[in-house]
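Note that chain A is present in both complexes that follow, paired respectively with chain B and with chain C.
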Partner chain A sequence: MFEGLKMLGIGLGNFLTLGTIFNVFWATQLGIIVGMLPGLTATMGIALLTTLTFRMPADNAVLILICMYIGSIYGGSRSAILLNIPGTPANAATAVDGHPLSRQGRAGEAIGIATTGSFLGSVIGMIMLALFTPLIGNFALSFQSIEFFWLAIFGVVISGTLTAPKDPLKGWISGFFGLMIAMIGMEGIHAHVRFSFGNIELSGGIRLIPAMVGAFGFAEVIMMMKHQKVEIIKSEIKRVIPRFMDIAKYWKTIIRSGLIGTFIGAIPGVGEDIGAWVSYDFARRASKESEKFGHGSIEGLIAAETGNNAAVGGAIIPVLSLAIPGSAPAAVLMAAMYIHGVRPGPLIMVENPQFVYSVVAMFLLATVAMFILGLSMVKTLVKVLQVPRSKLMPVVLVLCVIGAYAVESRYFDIIIMVIFGLLGYVMQELDYPVAPMVLGIILGDILDKNLRRALVLTDGSLTPFFTRPISIVLIFFIILSMVSKMRWFNLFMGNVKASIKGLFKRR
Partner chain B sequence: MAPVQTSLKNKRPAGEKMPRADFITSVLLMALSAFVIIESLRMPRLEHRNINPYTIPGMVPAILGVIMGVLSITLFFRAMRYGGYRLSKHTTAATSSSSASAGDGSPQKVGFWHKPETLRVILTVGFCLLYAIILVGWAWYPIATFLYVFGFIVIFEYDRTKGPGEQKRIFILAGVEALLTAVLVSVVFRYVFLIRLP
Partner chain C sequence: MEILLALVFMTVSGYWLQQGLAVYGFYVDGKPGSGFIPVLFSILVMILSAIALVRAVRTKRAAPSKATPAGDASPTVSADIDSWKTRLQPLIPAAIAIVGIYAITYLGVVVAVALIAFCWVRFLSHYTVVRSFLFSVPIVLFIYVVFVWWLRVPFPRGVFGF
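This part shows the complex of A and B:
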């Protein structure tokens, strides 16, 4: 524990130089702008910055990426409040109560509250990150091939269930499709090249960053251009700095949303958007003034913004401890860590514990920068929202093309970007979530190697797959997440609940 | 922008929304899984290398193919239940509008090819493909970028009801922005990040 604090202190100390602070501020401010602009998401922002930072030293590069991550998830709340368009998918829940507030002429207040909520959410996420990464990392040291196999299946299934709550079947299809994509190229045990059809470029496999730049960048460009432009609300922004009592009144909501957000963020492939929705939903149910939700409730706005920023910290926990991303932006962050030679995973607490605490320190700096920047220059920045889409989107595509190309200077990566962009767009139109597919692309290799290794270890016996304690827990959650969406299960659970309630009533 | 959810809960059964699209997708996915399974079975077993038979390269793809097969068959039957096999648009529209009376109006009334959104999507995709696939490989990068940005802005902002003389502003602004983008992106990537441009 104290060793952790010491390492955190060292980490923080290393970053307190003028150059680093300068990096923190520009990266966070850029993140806020990226988040504000609908069509530029956190994923896209991190992917682009990865290409721009990959000649920097590892620590600085990861710091800038984390600033971008936190800044953009927060920045999306601006457009959600002022335009009723979430700047990133994570801010969809923010729009529900934030926009009515700005219609009532309280836009400045809403921005201030969203900023404070994001700040507190981020702080809670950071504390959980510092506490749980070492714990989970040490626990995961006991994982063997069988557990990693189940973890990969668990990730894809649960991500499919939660990112497509209306139609989980499509979420699972998306996840397994991602696993299939990961099968393309050279496999990890015998170096046999699969599904390349004689194409040399394909034998290297599908790279994550071009695929994600396509699925989250190019696909967004098409989505944004599909719809006509919207008018910005001319709401006068008066006081931005929130009153202490407005926030303190809802301390329970803040803590609850922070914890829920972190937890949801930590689930593989389930990111900030779901984190915000779930904490919003919980806040509404627990609230004394739930009738105000949807009509400009301060509590709802706080819940949504605390939830999504807490999910950022949550999403980084499995990245560091298991090498499994908790969300789409975290997946790019993880890819960037690999590019910089940092190898996250269970061994990180053995090989490089300082890095974990450095990440916490980076998180702290980014959070503070977000808070300061979020409360200043509000009026100037709002002007960014007035840039018309037809002027912004071609530039975004230019960045997508160069971003996909830059990491490895391969023309083939541009083609991958385009294919995944079209695929991502079609998937969105047909209601397939994209995040499980991305997670599948990452987990495919883990699944492939570990299933085959496990079969060698057990000599083909399937029994250990179902009898080892951690496997049983994972299987339980896989089955639960699958059946919980089926009608008969919900009817059954409803009956069980009713009969339990009945038992207590009779007394 | 990703499709914005309005709530986590939805009482309407999944699969009712787009049975026809689901039907077509499920058939494509079934074909994909069949293809993957066959390819995996045909994959070399590397016997000459004396590898452990449980580690043959085709193992995991084959399993994934089977899982995807099961999922796509489920989707197939669900789409069948909601009448997705009826390939004529009108019958589908009739069934879905009768069952979705409480839903979001009747979006299928205007034909897909006649919606303004369709044109916008086709224009966007066409322009982006032209740039990313053809222009970047063929022309010098800054020129390709300039042409693309300029063309994109003009296409989307040009108002056909007015004469070109009245809209000089659009051309000038588009030109300035295209020039700035092309020069800035090229210079920054070439000289700051030291990347050989495509």
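This part shows the complex of A and C:
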């Protein structure tokens, strides 16, 4: 405990220089602007910024990316409140109550409450990050190849289930297709080159950054070509700083949403949008004023914003402790860590425990910067929302092309970026979620190596895969997350519930 | 489109399955070979996409077919052209990016970026020539300062020498 605090102090001390503070503020402000602009997402922002920071020292680069992450997830609330268009998918729940408040002439108040909710959510996420990363990391040290194999499968399946709630089949196809893509290139055990089609460039595998810039950045440019028009509503902004009582009144909602957001964020590949929706739903069910939800409820707004920003902290917990990202932006962040030579995963608590606490310190700095910037310059920044997309898209396109090339100076990466952009666009148009595919690409290598290593260690026997305690728990959750979405299972469960109720009534 | 995507997933996974079994080896010398995992996941994707395909076909059959009013061909033709325009529009950024790759090789990064930005705002956003030029200059400056001067990314020099 004290050792952890000491390392956090060292981490914080290292960052308290003028240059670093400057980096924190510009990156967070840029994140807020990226989040504010509909069509520019947190994932795209982090992916593009990775291409700008790859020559920096690891600590500075990761700090800038975390500032972008926190800033953009918060920034999306601005357009959700003022335009009824979530700046990022994470802010969709914010629009439900934020925009009605804006229509009532309380836009300033809504922005202030959203900022405070995001700040408190980030603080809760940060505390959870500091507490649980070492615990999970230490626990994961007991994991062997079999557990890592099941954990990767669990990540892909649960991500598919939760990111495609209407049709999980599409989520699973996306996830397993991502695992197939990950098989391209040299495999880790016998160094065989697979699925390269005789192309030397492909023998090194699909690089993550161009693939992500394509799937999340270029795909958005293409989407914009189809949906160009955005209606801009002018809202008057008065008082922004919220009253203490308005916040204190909902302390239970804040804590609940913070914890839910962190938990949802920590589930592999799920992300901030679901964190916000689940927090919002719980708040509505528990509220004494549930009739106000959807019509400008302060409580609803706080729940959504606390939930999505707490999910950021949650998403980084499995990145650091298990090398499994909790969300799409966290996946890019993890890829950036690899570029900078940081290897997250269970061994990080043995090899580089200071880095974990440095990340917590980065989180703290970004959260404070977000709060300060969020409550200031509101009227000026709202003007950014009036920038037409026709001006924005060529800038994003140029950054996608140049950024994809810049990391490894390979033309082939631009082609990869374009292919993934088109694939991402088609998938989004047909309601196939892209996040499970990206998670599959990341986890494919871990999964392949661990399954084959485990089979070699067990002399080809499959029995240990189904008998080890952690494996049994993971298999149970994999089956449950798949079966729970099937109609017959829900009918069966409904009948069981009815039978139990009937039994108690008779008695 | 839904049917086409399911077929693409099935074809790709079919290729993965064939290569995994025939080329890389599923089980080699009593141990899992390089094709082990590709085979497993390609089978999974094939099954799941087959289900998606059946569903998509059923949905298409269940949907009422669009009737064409007799003797009124022209609106349908123009609607068809509009629909193709909408479908092809997303390919424009891809085409610009591909042209950009060749432009960077032959013209250098400065001219290529200027061309990409200029063409976009001139032909897609319908700005005037002067406005398009004024718009592309700061983008070129930004790319040059950040990527060439600051990050020192080794871009190829084009025919203009920069």
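As a convention for this text, the second predicted complex is superposed on the first by the 493 of 507 C-alpha atoms of A that agree within 3 Å, B and C clash if a C-alpha of one lies under 4 Å from a C-alpha of the other, contacts with A are read in each partner's own complex, and residues count from 1 in each chain.
The rule is short, and it goes like this: contacts are C-beta pairs under 8 Å (C-beta built on N, C-alpha and C of every residue); 3 or more make two chains touch, one makes a residue touch a chain.
Not measured: the values here are computed from a predicted model.
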item: Chain C versus chain B on the shared chain A, clash or fit after superposition; value: clash
item: Which superposed partner A:473 touches (first chain B, second chain C, both, neither); value: neither
item: Touching partner for A:172 - first (chain B), second (chain C), both, neither; value: both
item: Which superposed partner A:398 touches (first chain B, second chain C, both, neither); value: both
item: Chain A residues touched by each partner, larger count belonging to chain B or chain C; value: B
item: Contacts of A:255 with chain B and chain C, given as first, second, both or neither; value: neither
item: Chain B versus chain C as contact partner of A:491, first or second or both or neither; value: neither
item: Partner chain(s) touched by A:21 [first = chain B, second = chain C, both, neither]; value: neither
item: Which of chain B and chain C A:411 touches, first, second, both or neither; value: both
item: On chain A, positions contacted by chain B and by chain C; value: 52, 55, 169-170, 172-173, 176-177, 179-180, 183, 187, 189-190, 192, 194-195, 218, 221-223, 225-226, 388, 390-391, 393-395, 397-398, 401-402, 405-406, 409, 411, 414-415, 417-418, 421-422, 425, 430, 447-448, 451-452, 455-456, 460
item: Contact footprint of chain C on chain A as seen in their complex; value: 52, 54-55, 169-170, 172-173, 176-177, 179-180, 183, 187, 189-190, 192, 194-195, 218, 221-223, 225-226, 388, 390-391, 393-395, 397-398, 400-402, 405-406, 409, 411, 414-415, 417-418, 421-422, 425-427, 429-430, 432, 444, 447-448, 451-452, 455-456, 460
item: Chain A-touching residues of chain C, taken from the complex the two chains share; value: 1-2, 5, 9, 12-13, 16, 19, 24, 30-38, 41-42, 44-45, 48-49, 51-52, 55, 86, 89-94, 96-98, 100-101, 104-105, 109, 113, 116-117, 120-121, 124-125, 127, 135-136, 139, 143, 146-147, 151-155
item: List of chain A residues in touch with chain B within their complex; value: 38-39, 41, 51-52, 55, 85-86, 89, 92, 95-96, 165-170, 172-173, 176-177, 179-180, 183, 187, 189-190, 192, 194-195, 218, 220-228, 273, 277-278, 281, 388, 390-391, 393-395, 397-399, 401-402, 405-406, 409, 411, 414-415, 417-418, 421-422, 425, 428, 430-431, 434, 447-448, 451-453, 455-456, 459-460
item: Contacting residues of chain B [partner chain A, same complex]; value: 1-10, 14-15, 17-18, 21-22, 25, 29, 32, 36, 39, 43-44, 46, 49, 51-52, 54-55, 57-61, 63-65, 67-68, 71-72, 74-75, 78, 116-117, 120-121, 123-125, 127-129, 131-133, 136-137, 145, 148-149, 152-153, 156-157, 173, 177, 181, 185, 189, 193-198
